[in-house]
């Protein structure tokens, strides 16, 4: 009546490798909650600490209803336990002050804030308020595997990318690599649409439900800090504008690219397949039938996938690139776990196998 | 997932990839490319030739 | 630096038992898509067929963007392949006509429609348009494990419960079992709120986005067919009203119960813990702090969990019971897989381990 | 080519009566903003002051983008200007302390808070934290014209009804008046669904967009304060439960009524038509075709209309009554202006003529 | 106690001019419904006919719940009554075949479709399926008053603009007029976000609630037909991409402009104030404090306002222009009534005085 | 709407427009321009001089 059970055939289910202890700093936050979810379901991690100042001693499930089954209470970030890997998900400016303490407590540090993303201290003077521990910048590796996989193996300080930067870099990198887009001369407009979870769990008047619902709100008309990452990692200066739209999870970047030389659909398919055909978490979605013809955040909600696609505008030789991610996953916590998997030589998708939902509303 | 005897092989007109089709497809039928998602029309069967199907705008939109 | 990897500790990841071949009839539909997602990620199932009349030969990913990675094309429901388990997710009235064909193709049939839910043919005359194959009704087992686990082992015809009925039964059963609620004499009002996926992938004018968005719409003011299931399985005649509200996934039942005898909070906690303390997929959420104090669909979106909770109204001796599920999961596809796991003696949560997301919008 | 212009035919457009000066206390709030919108578009009012402590000296348009055309700045609530009518839209507890100052500044006071809604000081001890100025309670008139029109003419202290109480009273009053519902003996369950603007412009974690989006959240499972108003004005003790759902504006009450004696659809139509056939702002919506068959908040969004409808459940002799309002209008600011119009002998619908929108999303 | 009532002070309330009879072709549609709402509340119009093939003989209120008070039934479009002004709101391709019949029935025709928008028949060959009545194209006047006011007085064939084209033209025209933007040489990317009502009341699978909810969906990646209008009226070839986002009403255009010569904030303020300071329905919203700092659809929902604003990106000399309208109003029905008011020499804002709501959700 | 004695007049630093301020504004106070919406700081009172206030990014939030 049945065929043989074949453990190997069940991709991603086999447990391989070591188990690592982990802590999450900023455990009440949105990305902290995602980290806790991912790590507690990960075959190779055991979460031993989650910190919070405001919810010290409370159960994790009180902040994150999906984690009610987790038998863990928040503790004080001043009392760090000794762990293999420490994930920090605090607002920018916190980790750069705590980094020594982090490394006292842990062998490997994965930081989701902007504090170690940029390679040069100068850039922190320009885009942020300077840097307290510039000596760590060279040691840090940018977490995005599609960009920096080769340097992640064995890395001990990993800096998670910005969500809007991640969406943009994933969309444009294949064009840069294929030479379709010349970062020196070609013009690129990036028009981003993001959900409300980008703002974190805090939230003031502008992110209250009545004011934030149903908006198409230019919230970073120009000069968004994620431009710095794009510039640093693609060598590309983009015209960047970010809009808040009605969703909680998701970031979608539309990149309007004007290549110097004519380009064909075949060239574009070639460039994107070269870049992503072997990537576990990238999908090329570009035309076709049905309802979902281009990348969109709903199609990747809850998953670590990035979707990219493109269309060609023959009239004025524009390439329009669409890129969609879940900012809580590929744009932050998922990317961090993916990078940690690589750093620790675990299967890339360990803990990240969720394939997403259909239908799904405004996730 | 379906056994080999159930499928035909053709070339994706956009990418040149080899793609598998159900054995019972007929000329004129529309199927989608598993590589690009594009809707393809079966132009002939021996050999199997596929072409991009004209897009049905009305399907989708405004 | 690390502890030993312990495969057994990674709950749900170990592959145990046989692999069964499966087919899904109605694979383009919403519950059909969920079945395909769950079964293709299930360590003990291999999906060999998904049928559609309208999308014959198209890839499954064209209908369900989250399943783009699945290498499967829809085929005709008239050409059923031989499988171990056939799941049927067609509108009611279809399976009762196909049931002989189903059993020719498969050893076990799991039907998600209403066709085999009610134990008596009479009830189909009263609530539906009669029954074509009444001889199968006795053989069929209601899929809800919390109600009917003992009869599911080895069952070969399993009838998935209605989503609103499921939410209501999960909320009220503990009160009936504990004798708090006397089905003969006590009055119960059930006020249900549901998302748009309940209507399936079809959809006419009333379910178009502009008309369906943001509603609080009485769509079944009285006489909803799910009353029949509640009556059949709890022996309880309820006053039932269903409202469409703004979400895609989710069903929430508020049950206003008027017990004949006084009852205390302790009694209620006792009743619900007796019923659900050992249930893998049930959570009692009843008061407490934080944002999520009672059951709500967002907290279970994408998962097979049911949440139940209660509050006591001393003034007029009312018990208010809240019950929340994801109609696509606990209310249909998840319940079906859960029941199949039991029928085939697999781990109950095989393929159903997803813990849900936080934050999540209007999922 | 054209017929005669007939000014009288253009209902509501003729300006009749005096012009009154008005002030709004709590002008940055949600109901304060609605009052400013309604009064500045009202042919018989001139707004001379809007107060705010937090936005003192700022333009009104900064808080309320729809009022950017209004040439008015917020001023301090301690410096009240002398006006004909003062509208107060502060949290409960404020007006009861300021009422003497209000009457020094104005001839007529319309208060939107709960401070003067209940006729007896005792009730404030029971449901609120007692009352500071109980001597005003007898003088105050409940603002809802459909309930209390005869006492509003010439009233100088008007107390706006609670939004959920308003929806419920509008739904049930016709049954009480017609004797269908016996307030002494019959049981009534009221299950309310409300939008996020009910919480006002303040808002903490639970009303942040990521947490509040897409909920069906029991926020007042039992013991909601609006029960006190329903009891006071209908003599009816109801079993009351309120859920937050995904919309910004709107309140919908589903009342499950169990009359002692059998009742027919004709009786119900009779009762509702007797009550509301001549009411400018009430619509009976009960069955019929198309998409909108029963009352729903979308159909009245932005307007001062209340919609009521009903359905009969023959099986167990239940009447289900649906009632929908916009909490910002019929449930607060619109009701206040409506009552003021009556008090000042102006046309009832002066300033309230907006008929609402279709389509409209989650308004 | 009161000041004198001053009828003239109550802007827009005085009835001046003639009354015109009007009919609406396509009365069940979304823009048809808006026309019926606006015209029935307009002091100078009397609606005598609304047509529908599918709802012939039904009340208007059955399709549009906000118009339940309107005593009017749909009639057959083949039986046109004689009126002063006929408004046609049918899909494109219908009016060009009916235009002779329209002029037999009416003195003035206002068409909301694309059929008479473009000045040249050639353009219909390029962007549409050709034109059946090209002889009318010269006679037609584009309805947008901010662009074409001088030609609207006395016009008898008025062609309403496309909603996305309207948003774009309103945003860019001041820059063209001021010479900031050189249409010949400067590059412009227009990234548009629109609500679901743009698709009209029809709606297939892609516009069903479960599929359309919460999207950021590239629905016209390139080659949108509204480009033709922008080219025709601004002489500007734009790179145009349209995304569907979660709202019902609203269109928002973000225009990324790269002027040849440097430009200052003062220049921009000058350009926009020159263009719109005297426009009744235009608002410049550009920076400032509070929650609403740039144009957004929520701030204009339900109104005939257009909001425009801008920001300057010093790094690469980009000007970002934001433009927001309600597609049902400024983008279609409101624009049509505005233009008719001008054509008939009525006050420009007659029937269009509604100022919009705050708060409002996803309208 | 408020009478003349209640207001001061100043120049909008961006557009040069004359704008009215409440008579009781003080040096250091922030008000918004009715023309541009910009937040302006009162720098001096006699004459009234206004300057663009530094934008508080944190207000508005990512």
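Letters A, B, C, D, E and F name the chains as they come in the text, with residue numbers starting at 1 for each one.
Note that in this section contacts are C-beta pairs under 8 Å (C-beta built on N, C-alpha and C of every residue); 3 or more make two chains touch, one makes a residue touch a chain.
What you see is a predicted model, and the numbers here were worked out from it, not measured in a lab.
As a matter of contact connectivity, taking chain A out of the picture leaves the rest undivided, in one piece.
As for how the two copies chain C and chain D face one another, over half of their interface residue numbers coincide.
Farthest chain from chain D (centres taken as the mean of C-alpha atoms): B. More than half of the residue-numbered contact pairs at E-F reappear in one of the options D-F, B-C or A-B, namely A-B. Chain A and chain D have Cα centroids separated by 46 Å.
Averaged Cα coordinates give chain D a centre that lies 36 Å from the centre of chain F. With each centre defined as the average position of its C-alpha atoms, the distance from chain B to chain E rounds to 42 Å. The distance from the centre of chain A to the centre of chain C, with each centre set as the mean of the Cα atoms, comes to 33 Å. Multi-chain contact residues of chain B (touching two or more other chains) are listed as 32, 37, 59-60. Contacts with at least two other chains are made by residues 30, 46, 58, 62, 196-197, 201, 205, 210, 213-214, 247-248, 291, 298, 359-363 of chain C. By the touch criterion stated above, chain C contacts chain D in their complex at residues 187, 189, 191, 193, 205-206, 210-211, 213-218, 221-223, 237, 239, 241, 243, 245-247, 250, 252, 254, 256, 258, 291, 293-298, 309, 311-313, 315-316, 318, 320, 322, 324, 359-363.
Remark: chain C residues 1-7, 9-10, 13-21, 30, 33-34, 37, 41, 43-44, 46, 58, 62-69, 84, 107, 195-197, 201, 247-249, 283, 285, 288-292, 298-299, 302-303, 328, 353-363 touch chain A in the complex. Remark: chain B residues 1-2, 21-22, 25, 29, 31-32, 34, 37 touch chain C in the complex. Touching chain F in their complex are the following residues of chain E: 265-266, 269-270, 273, 284-291, 293. Residue ranges on chain D touching chain A, taken from their complex, read 30, 196-197, 201, 203, 205, 207-210, 212-214, 248, 361-362.
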